[in-house]
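Only one structure is covered here, and it is reproduced in the block below.
Here the chain labels run A, B, C and D in written order, and each chain numbers its own residues starting at 1.
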Amino acid sequence: MSTPDKVQQAPHETSQSAAAGEGESLRKRLNRIIFGWDTPAGKLFDLCLIWAISISVLVLMLESVEWIVREYEPWLRAAEWTFTLLFTAEYLTRIYCAERRWAYIKSFYGIVDLLSILPSYLAFFIPGANNLLIIRLLRVLRIFRILKLARYLSEANLLMRTMMLARRKIFVFFSSVLVLSVIFGSLMYMVEGPAHGFTSIPKSIYWTIVTITTVGYGDIVPQTILGQIISAAAMLTGYSIIAVPTGILTAELAQEMQRDRHRRYCPGCQRSGHEADAAHCKHCGEALPEAK
Amino acid sequence: MSTPDKVQQAPHETSQSAAAGEGESLRKRLNRIIFGWDTPAGKLFDLCLIWAISISVLVLMLESVEWIVREYEPWLRAAEWTFTLLFTAEYLTRIYCAERRWAYIKSFYGIVDLLSILPSYLAFFIPGANNLLIIRLLRVLRIFRILKLARYLSEANLLMRTMMLARRKIFVFFSSVLVLSVIFGSLMYMVEGPAHGFTSIPKSIYWTIVTITTVGYGDIVPQTILGQIISAAAMLTGYSIIAVPTGILTAELAQEMQRDRHRRYCPGCQRSGHEADAAHCKHCGEALPEAK
Amino acid sequence: MSTPDKVQQAPHETSQSAAAGEGESLRKRLNRIIFGWDTPAGKLFDLCLIWAISISVLVLMLESVEWIVREYEPWLRAAEWTFTLLFTAEYLTRIYCAERRWAYIKSFYGIVDLLSILPSYLAFFIPGANNLLIIRLLRVLRIFRILKLARYLSEANLLMRTMMLARRKIFVFFSSVLVLSVIFGSLMYMVEGPAHGFTSIPKSIYWTIVTITTVGYGDIVPQTILGQIISAAAMLTGYSIIAVPTGILTAELAQEMQRDRHRRYCPGCQRSGHEADAAHCKHCGEALPEAK
Amino acid sequence: MSTPDKVQQAPHETSQSAAAGEGESLRKRLNRIIFGWDTPAGKLFDLCLIWAISISVLVLMLESVEWIVREYEPWLRAAEWTFTLLFTAEYLTRIYCAERRWAYIKSFYGIVDLLSILPSYLAFFIPGANNLLIIRLLRVLRIFRILKLARYLSEANLLMRTMMLARRKIFVFFSSVLVLSVIFGSLMYMVEGPAHGFTSIPKSIYWTIVTITTVGYGDIVPQTILGQIISAAAMLTGYSIIAVPTGILTAELAQEMQRDRHRRYCPGCQRSGHEADAAHCKHCGEALPEAK
């Protein structure tokens, strides 16, 4: 999550001490505010951005509610254009002050930033009622802006790392779930048949996933005795294999948290193994560097 | 949970040895019974209070069942007024005997105590059939009295502490669930549309939460093939990310329980690491202080 | 689970070596077969009993299916009377050969044994169509016979012990769930009201439990926007607090399994800490006593 | 999972160094490609096979969708026959080059391989519209081909081993769930009765499983107050006992992963305890053998 920004971050990592340094160009200062978060201004900018994104997504959602559109259309339109212009300004500034412009433009967040403002302009240049629907679909991509939130939460890294370590076990688990779904789905198609709503094997597989994950909409329901027995087996299977990913993740997470404790070293006595909430070394009382 | 009472508790912590001391005023004795639970009388009072709260909440619930009201209205009314008067007496006594009166009145439980008796009196002074509904809504707050139960269970502290430690990880998890809900909800609104019950993005997000949490009411159900595929993806996502909070909590709880064992020291040999149910030191056999 | 039989078991624990001893009375031999499971005959008897109980419960269940009763009534009746007579014979033999007769008769399994045969005879002596329904209800108690199965599985003990250790934490958890249900239920009754199916607070609480446990029947469903927001909150709450009992149990179970390893001592070098599937001491190679 | 192939694998395990050896017969070379996966050709073959199986299963599923059959029947038929012929060729080659032919033919995968091609030929020789349905049922067996995927994932072994270790605890758990289902099912049949959809005890047990596993279709729903109270109890039971298998598996998995770390020895200093992702010994820096 933090890698895409590495290209812009790298030069700041040692610049904190030189923050008061003069002769710094506007571009460098802007860069530190927009891409970095090690200065008060940078933190404030990021916070405002998160709020702007959240509210713009909210406006987008409200635009789909009929009675709200009927009553507050001018306000929604105004809000939308305000955000579009704000995000355009932000996008252009980012291009202006990025260390390596093309690296930013081609990065994941660069593309998302562009896609989140483009649809509004496209709707402007290509009028026509029939195009609105397609453009709205593109607009939804602006939601991905929220993904940027993840950047700010160092806690997410531990979860990410754990999932990376467990990814092969989780893949095995999902393959098993899919194979089980195909087997149970085919069986149910045979047993219940189109007359009871199991109109095709893909639909039966959809039903099996609804059942195994214990969602259970009830739109399709087994009606024969044999079908109900197979369903019960599918439910119990789903009910118990949910233990597998939990077990995998917990075991990996416990190991990872253990390892995390050994990553912090006391500057006084060089010993590690401090608890996550420890502020002082338990051996010599020296103040510890902040956790993670 | 135990912090709001710190203001009243503090003076008793050393008073247990002086419990038989004479010359103690009525106020001090009442204080020990009502706010403390280190004397037999205090324990009895708390137990009675819990039962009174539980029964008063039950009466409140039964008042909403039509046929019970029709048949037993006088009894319900009598019970309600009995409890209101009892709780009023308790509230006034608490104010009378609290160490610092304003600290109690302004504390969380002080406000809850007041709110749980106020509506009954308001209904008395402000008559009128049309006001009944609003007052009933306030009455529901009396339910918060049950929260007082938590005070009496020391076991709750371990769970609370664990959740405090895991709060940032849990926040990251909930943010991810919300982002996923917004993405899946918007997608489903595009794919299924108002014709199949997905009348707006907020409603689609509601549907996504129903699906991801594996509740699955079945009031709104995907009907297109693409919609069913996306639903299946949402279900499998929800089914597997439930492992994340479990993993987080288990790992934290295991660490916390480990730490708990190291908090108890043998008065004989000063060694820690005793199991939670140990009554004697495993090293020298000395009786241990009670766990937690 | 194994405690109720302690009274009968005790004398056998040292009798295994004297199994071939002559002069043993019939009563003692029967006792060992029926109450004990340390001889081949005792094991065979227990296995037959489990099968007999299972089949008798199955017959009982089939008796409630209309078309099966219509076609196979004589067979079902015959099966039922065979099992009733068999279980009566078993009950009388148990009384005859128990070490302390009254201790058996008054024990939990003694009462269950009696209750599982009584209804059939009651139906015989007290005829009348209107009594059938009540008697059938008593018959269901025969199902509790299955509970005897638990006796034979030593593995159940570890789970039982873990739950005993975690019982206070689990009680705190259930109290919280109930308080949450009452709060959410009352809120939904206020917001949705009788018009949308939330006819009373108890019914709203039922709906909340259906939602929090992620069952989600869909028989009652929120229809106002505010109701759907509160529902979503209830679902997310239920979805995440499921992590709490899992975390509690896993942490306790891990500790208990750890402790279990330290209960087995090597007869050669007296060292403990052997894994559950170890047959030989990892220090000196001596054969270990069987695990648990 | 890997055992059925032991008979064919054994001779290759030491043949990797002799891979360039001449004078090797065609049969031996084919054997290594088809049964083994330690050569580039063998890996490629396995990959192609997995894709062929997946696509053939997909074709099979699409054949059950009415409108797809109506439009693309010739294509589906062509695809099906292509796969049937391909799999026949594969089956014959496997028989030709297996070390011990009968061992392969009688092995689980040998029978599955045969069953996955047989139905297509049977449909050819035994024409008749009315037979199609039965044959289609046999065809579904071809799906079991997917099970072969499990062979390729070494990660599955850890999960398998853990489940083997936990199998007795899981059996106890499932017995408890079944006993609970029978008890709750019978109770609900008594309380709700045929008038509210609980037409027989087996159907009530089906409903109980739907409820305890938190699937909750909503096709049968309690309507009396007592029934709703019992349902709530069943839901809360199901909601909390899901913690049991999770706890069991997590505890076992954590132990197993711990043990796994101690299975890898450094070729330099002979010390074990290396983490799963370690490539070098943490003590002497020597390169470690690949994990698992």
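Some observations on this one:
To be clear about the criterion, a residue touches a chain if its C-beta (ideal position, glycine included) is under 8 Å from a C-beta of that chain, and two chains touch if they have at least 3 such contacts.
Computed from a predicted model, the values in this text were never measured in an experiment.
Put simply, chain B has to spin 90° for its C-alpha atoms to lie on chain C, with the angle rounded to a multiple of 5. At the chain A-chain D interface, residue numbers used by both copies make up under half of all numbers present, so the two copies contact each other through mostly different positions. In terms of their C-alpha centroids, the spacing between chain A and chain B amounts to 31 Å. Shared interface positions of chain D, i.e. residues touching 2 or more other chains, are given as 173, 202, 205, 214-218, 238, 242, 246, 248, 250, 252, 254. Interface residues of chain A, counted against chain C in their complex, comprise 214-218, 246, 250. For chain A in complex with chain B, the touching residues are 57, 60-62, 64-66, 136-137, 140, 143-144, 146-147, 149-150, 153, 155-156, 158-159, 162, 170, 173-174, 177, 202-203, 205-206, 209-210, 212-219, 238, 242, 245-246, 248-250, 252-254, 257, 275-277. Of all the residues in chain A, the ones that touch chain D in their complex are 165, 168-169, 171-173, 175-176, 179, 182-183, 186-187, 189-190, 199-202, 205, 211, 214-218, 221, 225, 228-229, 231-232, 235-236, 238-240, 242-244, 246-248, 250-252, 254-255, 259.
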